[in-house]
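Before anything else, here is the set of structures, which you'll find just below.
Shared between the two complexes below is chain A, which pairs with chain B and chain C, respectively.
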Partner chain A sequence: MEKTGQSPSQWLVLRTGFLSARLDRRVPKILLGLTLVTLTAMVWSVGQGDYPVPPLDVIRTILGLPTDNPEYGFIVNTLRLPRTLVAWGVGMALAIAGTLTQGITRNPLAAPGIIGVNAGAALAAVSLIIVFPGAPIAALPLAAFVGAFTVAILIYLLAWNGGSSPVRLILVGVGFSLVAGSLTNLMITFGNIFDVSQAMVWLAGSVYGRSWAQVFAFTPWLVVFGLLSLVLGRELNALQMGDDVARSLGSRLEWQRGWLLLSSVALAAAAVATAGGIAFVGLMAPHIARQLVGPSHEGLLPTAALTGGMVVVLADLLGRLLFAPIELPCGIITAVIGAPYFMYLLIRDRK
Partner chain B sequence: MERIKERLLIQSRPSLLAIGCILGIWLLLACFVTSIASGVADISPADVYQALTAPNGSTEHLIIRTVRLPRSLAALMVGAAVAVAGAIMQGLTRNPLADPGILGINAGAAFAVVTAVFLFNTGSLNFYAGFAMAGAAIAAITVYGLGSLGRGGLTPLNLTIAGAALTALVSSLTTGILIISQRTLEEIRFWLAGSVAGRDMELVIQVMPYLLVGLMLGLVLGKQLTTLSLGDAVAKGLGQKTIWVKVMAAMSVVLLAGGSVAIAGPIGFIGLIVPHIVRFWTGADYRWILPYSALCGSILLLLADIGARLIIQPQELPVGIVMPLLGAPFFIYLTRSQVKR
Partner chain C sequence: MTDTALTTRKLTLAYDGKPIIEGLDLAILSGKITVLVGPNGCGKSTLLKGLGRLLKPQHGVVYLDSTSIFKLSTKKVAQQLGLLPQGPIAPDGLTVRELVAQGRYPYQSWLQQWSKEDEKEVESALAITELQELAHRPVDSLSGGQRQRAWIAMTLAQNTQILLLDEPTTFLDLAHQMEVLDLLYELNQREGRTIVMVLHELNQACRYGDYLIAMKAGQVCAQGVPHNVMTEALVQDVFGLDCRIVSDPVAGTPLCIPIGRKVSVGQKFA
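And then the complex of A and B:
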């Protein structure tokens, strides 16, 4: 699949036993850059708050080294670190899910929401908040997760008609999301205004008050399905060229599409259940990454993941800085910092 | 066999489609009269006719002329306008997920109205209309500007992702305001759901010229859009000045979608779904997709609005909520049975 007319030095080829990957030369540098920005933002974010902690002490505390103030341990490790880690993980999961969905459907407008994950989660969560205001807060992620998976499976089954098809998947997904969305809207329009306000915060997506429990519940999903996506991701390069071409290149089409879709749904559902409906990251992180390293999926997936993680971590930091002491949910800020960044990339590359 | 059937279908299409159009217009009129006649106060179709042609000043006629007629007219026009705008956007961007919202129009309008309510603390439907129109126009111009700055100029991909980015940005600002100010949320949430209830004649007449001009412009572009939907290169090769078609189409979309959002608030379902439903029998020819979209959009919104009044009498639901509930199952059924690839 080497494109003609491009010098071979543009690519980095890695081979280990049964796996091989061909990366764009820009990938390692950009991954490093994104990681550095993210780590800096995380340290700043952990130090930020009513009780500020200097950056050096943040790093020492996280590494377990002694600091002058014994209270730092509690503030950094118990209160603030898990929150930032959740933001990072959720951002990565959403971005990977978005890249997979756009690859599977061959549509640049597809976000994880297209397979109904967000609509299902939102309907379940908003119903819980507005119809059963007395329900325990711990039930919320569970309800959202179940809602997301149920709707995604329904869409896949309804779109199956002697085989899956990207177009049918998109259209059935749109129809389903609209039904779920309008039921959610119904509750927002007629529910008790205080419950509705609370539901809006959940819908916008927030990592407020997340603890180690959420980190531990979320990490396995990210690790298992994130790795699966990275391994399967290169199949997307073939799927990209259409079903017929992919088949003749030797893709086991339905099998691969099924696994990719499952990874995407699992990542998005876990993310939505943990942090609510953070918009933008799943849709735009893949585009940002494409502007950075080009469209080949081996390099695109990790770049998109780190971009998504970075955007959500920065958004969470900014959401706390902007109108302090009022805190804005990070789901509102993601687009406010992500969209201009994306537009800058779009304009910078013109010829 | 399949191929012969296809050829037969293609040959019999124009006359069949023309007859279908005429039947559609009659169906539309029937829905319009039913829409005026149905509601909490029972009124017969004969009365409707009388009230429109020779009003006698009775309460019933007054209800018809001041409440029911503007509402039904609004549903009729908004339905047609949003559906045509959606069809144009799908042709322009060659993306089945596109709708007028892709130009940031609904998001821009919602943001302008929410900001106005947040800052000025007052509101009426006619007050919202001006802000909605302005917000829609500014958003669309921004998206077109950004899209044409990208690599390769105003390609469908650039337009689509510039629109998606701006929409995400603006709607998250809107959500931010709604979270900060509960008063704004309470005041605006019914408008945000999309509805044609309680619109007065003044508002409808004010916005009508925009919609009519937009509709004419859109319908005239049918042939050009069909060519353009084959790809920029093909259209240019056939001698089309693509940039002009794109600008004209955008003007039409701004007038149609901007006017609709000014009357009815952001109504999402029609622009996305109706063109797909219509394509199941018109094929890919925009000279037929556009008029059929207008007809079907009107009929669908009128029917949904009747449903919105009748489902939980005497309470009312916003039509923006009822429509997906009625229309989406039908749409999913069509997709399952018709989309083969």
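And then the complex of A and C:
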């Protein structure tokens, strides 16, 4: 194995016989940093609550080492760990979906919402709660997932005109989201107040009370489509140069764009189905990551993923610390941070 | 190597079902610089896109070395033919070296993402375009001329025998225009690369083109060496412009001097 650390400038280059790759040299350190912050926040988060657990005991309990208090096992491993894991996973999924969406549409202000995922999920979930009040709450994620996928596919098909175009995708997506949004509002207006408040809490995005069942249901989506996204990262590098350049470089544009969109929708839909609409993570994380490691997707995708995971874990922790013992849903926290960040991006990009 | 690099047979190119170019037969000579000239909207860019398989023809075929360009895998084509569209935009923050490295895409696979060959070609493209000093700079921080050079470097890293360029000199001042044209000329001379480009400046077209193709409303009006193509009658026909053609005092190629109303009307009133 040859590792040319110094050679030319900004890249780490890895070459063996049949394998070669390059990575922005900032990436490994950044990934390590993000992981450390996230792990620290997770330990803190798991220890936090009505029944505090000291950090060291949190770590011992998770690792299966004995502690002084036999109740820690139940509190840490059954009640609190899955919640923070869901926060982490959902954050990663939203961030990858956002990075893909921004790359496909070549629009730095795009988020998974633009391809209708959030609006579709919300409409389906609210419809279920309000039209079928008897439906079990367990059916909610499934409805959200189906709604997200359906709307995203409808948008893609309607935006197709002898080929997909980023601009048409955005326009049709925005239109569809508005329609779905007003239908959702209509439902909420007519629904009974108790059902509505339940729907509102869910829409705000929260990881409250998530258990291992959700971790296990969600993880395969993250793994499969997260890996697919990493594999397709190179294609995204070509795509973001513009359709003409990508085509002349030999990219099979429509196929790549189709697969990338599918990954993005699957990740965002799985995230929304698991934790509701956690706002702005899909928008913010790719931007922060781009500031950290630049726009090449080999490094950008994992960096954005870990950034998104960190943001949601921190938001969940903050939501529980700020007004304890009252809990704020993490979706509120990300919105409070995300909205001004979005304004900042708008103002910055105005030039 | 055959004499023609690209051939079209009854090529019809259309946008949204509306034909721009109909039934065109054309041959692009190998190892030469061919310049497409014509008024705005005459179909030069459309033709260039058709030649570079960016636009799927409604009818007809484009042949690359006697094989239909659509029968070859798009990556194989990209190893033989590079196209630089008009006014490309790089993603924010992308450095010059990253941009140029993107030109290696057709040679890479998921396992081979950055071979020694890739590295060599990128460094040499940076050297030819004299961009080594700027390689670490974001593309969006460069001047217009430097940016255009960076895009040309990307196309060069693709290491193709044929280069198609759509107005490579737009938005550049005269000195930078000459710099780009000289660079392309050297590539053609030194490495025998086939170059097809769209230029607006007729005098540069005559100076740098071995062959000119003059187009009007989707049709080829004239083609051949500049001396034969660039006549007062042709400029009148294609551009609707009154002009004199004289010999370029520097290169001896045709020099087109428009007459314009200031002179003709001025003389009348004198």
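Going forward, the second predicted complex is superposed on the first by the 318 of 351 C-alpha atoms of A that agree within 3 Å, B and C clash if a C-alpha of one lies under 4 Å from a C-alpha of the other, contacts with A are read in each partner's own complex, and residues count from 1 in each chain.
The rule we apply is simple: contacts are C-beta pairs under 8 Å (C-beta built on N, C-alpha and C of every residue); 3 or more make two chains touch, one makes a residue touch a chain.
As the structure is a prediction and not an experimental result, all values here were calculated from the model.
*Asks:* Regarding the shared-chain residue A:343, is it in contact with chain B (first), chain C (second), both, or neither?
*Replies:* In the superposition, A:343 contacts chain B only.
*Asks:* Touch test for A:295: chain B only (first), chain C only (second), both, or neither?
*Replies:* It touches chain C, and chain B stays clear.
*Asks:* So, does A:131 touch the first partner chain B, the second partner chain C, both, or neither?
*Replies:* After superposing on A, A:131 lies clear of both chain B and chain C.
*Asks:* Tell me the contact category for A:335 with respect to chain B and chain C: first, second, both or neither.
*Replies:* A:335 sits against chain B, while chain C stays out of touch.
*Asks:* Given the touch rule stated above, what does A:248 touch, chain B (first), chain C (second), both, or neither?
*Replies:* second
*Asks:* Between chain B and chain C, whom does A:108 touch in the aligned arrangement: first, second, both, or neither?
*Replies:* It touches chain B and chain C both.
*Asks:* Is A:36 touching anything from chain B or chain C once the two structures are fitted on A? First, second, both or neither.
*Replies:* A:36: touches no partner chain.
*Asks:* Report for A:231: first if it touches chain B alone, second if chain C alone, otherwise both or neither.
*Replies:* A:231 contacts chain C only, not chain B.
*Asks:* Could you figure out whether chain B or chain C reaches more residues of chain A?
*Replies:* Touching more residues of chain A than the other partner does is B.
*Asks:* Once the two structures are fitted together, what part of chain A is touched by chain B and by chain C alike?
*Replies:* Shared contact residues on chain A (touching chain B in one complex, chain C in the other): 108.
*Asks:* For the complex, which residues does chain C have touching chain A?
*Replies:* Touching chain A from chain C are residues 16, 49, 52-54, 73-79, 81-85, 88-95, 97-98, 101-103, 105-106, 108, 110-116, 118-119, 123, 135-136, 158.
*Asks:* How about chain A: which of its residues touch chain C in the complex?
*Replies:* These residues of chain A touch chain C: 7-11, 13, 15, 18-22, 106, 108, 162, 231, 234, 237-238, 240-242, 244-245, 247-252, 290, 294-296, 298.
*Asks:* Residues of chain B touching chain A in their complex?
*Replies:* 95-98, 102, 146, 149-152, 157-158, 160-162, 164-166, 168-169, 171-173, 175-176, 178-180, 182, 185-186, 189-190, 192-193, 268-269, 272-273, 276, 317-318, 320-325, 328-329, 331-332, 335-336, 339-341
*Asks:* Using the touch definition from the top, list the residues of chain A that touch chain B in their complex.
*Replies:* These residues of chain A touch chain B: 107-110, 114, 158-159, 161, 165, 167-168, 170-172, 174-176, 178-179, 181-183, 185-186, 188-189, 193-194, 196-197, 200-201, 203-204, 243, 279-280, 283-284, 287, 326, 328-329, 331-336, 338-340, 342-343, 346-347, 349-351.
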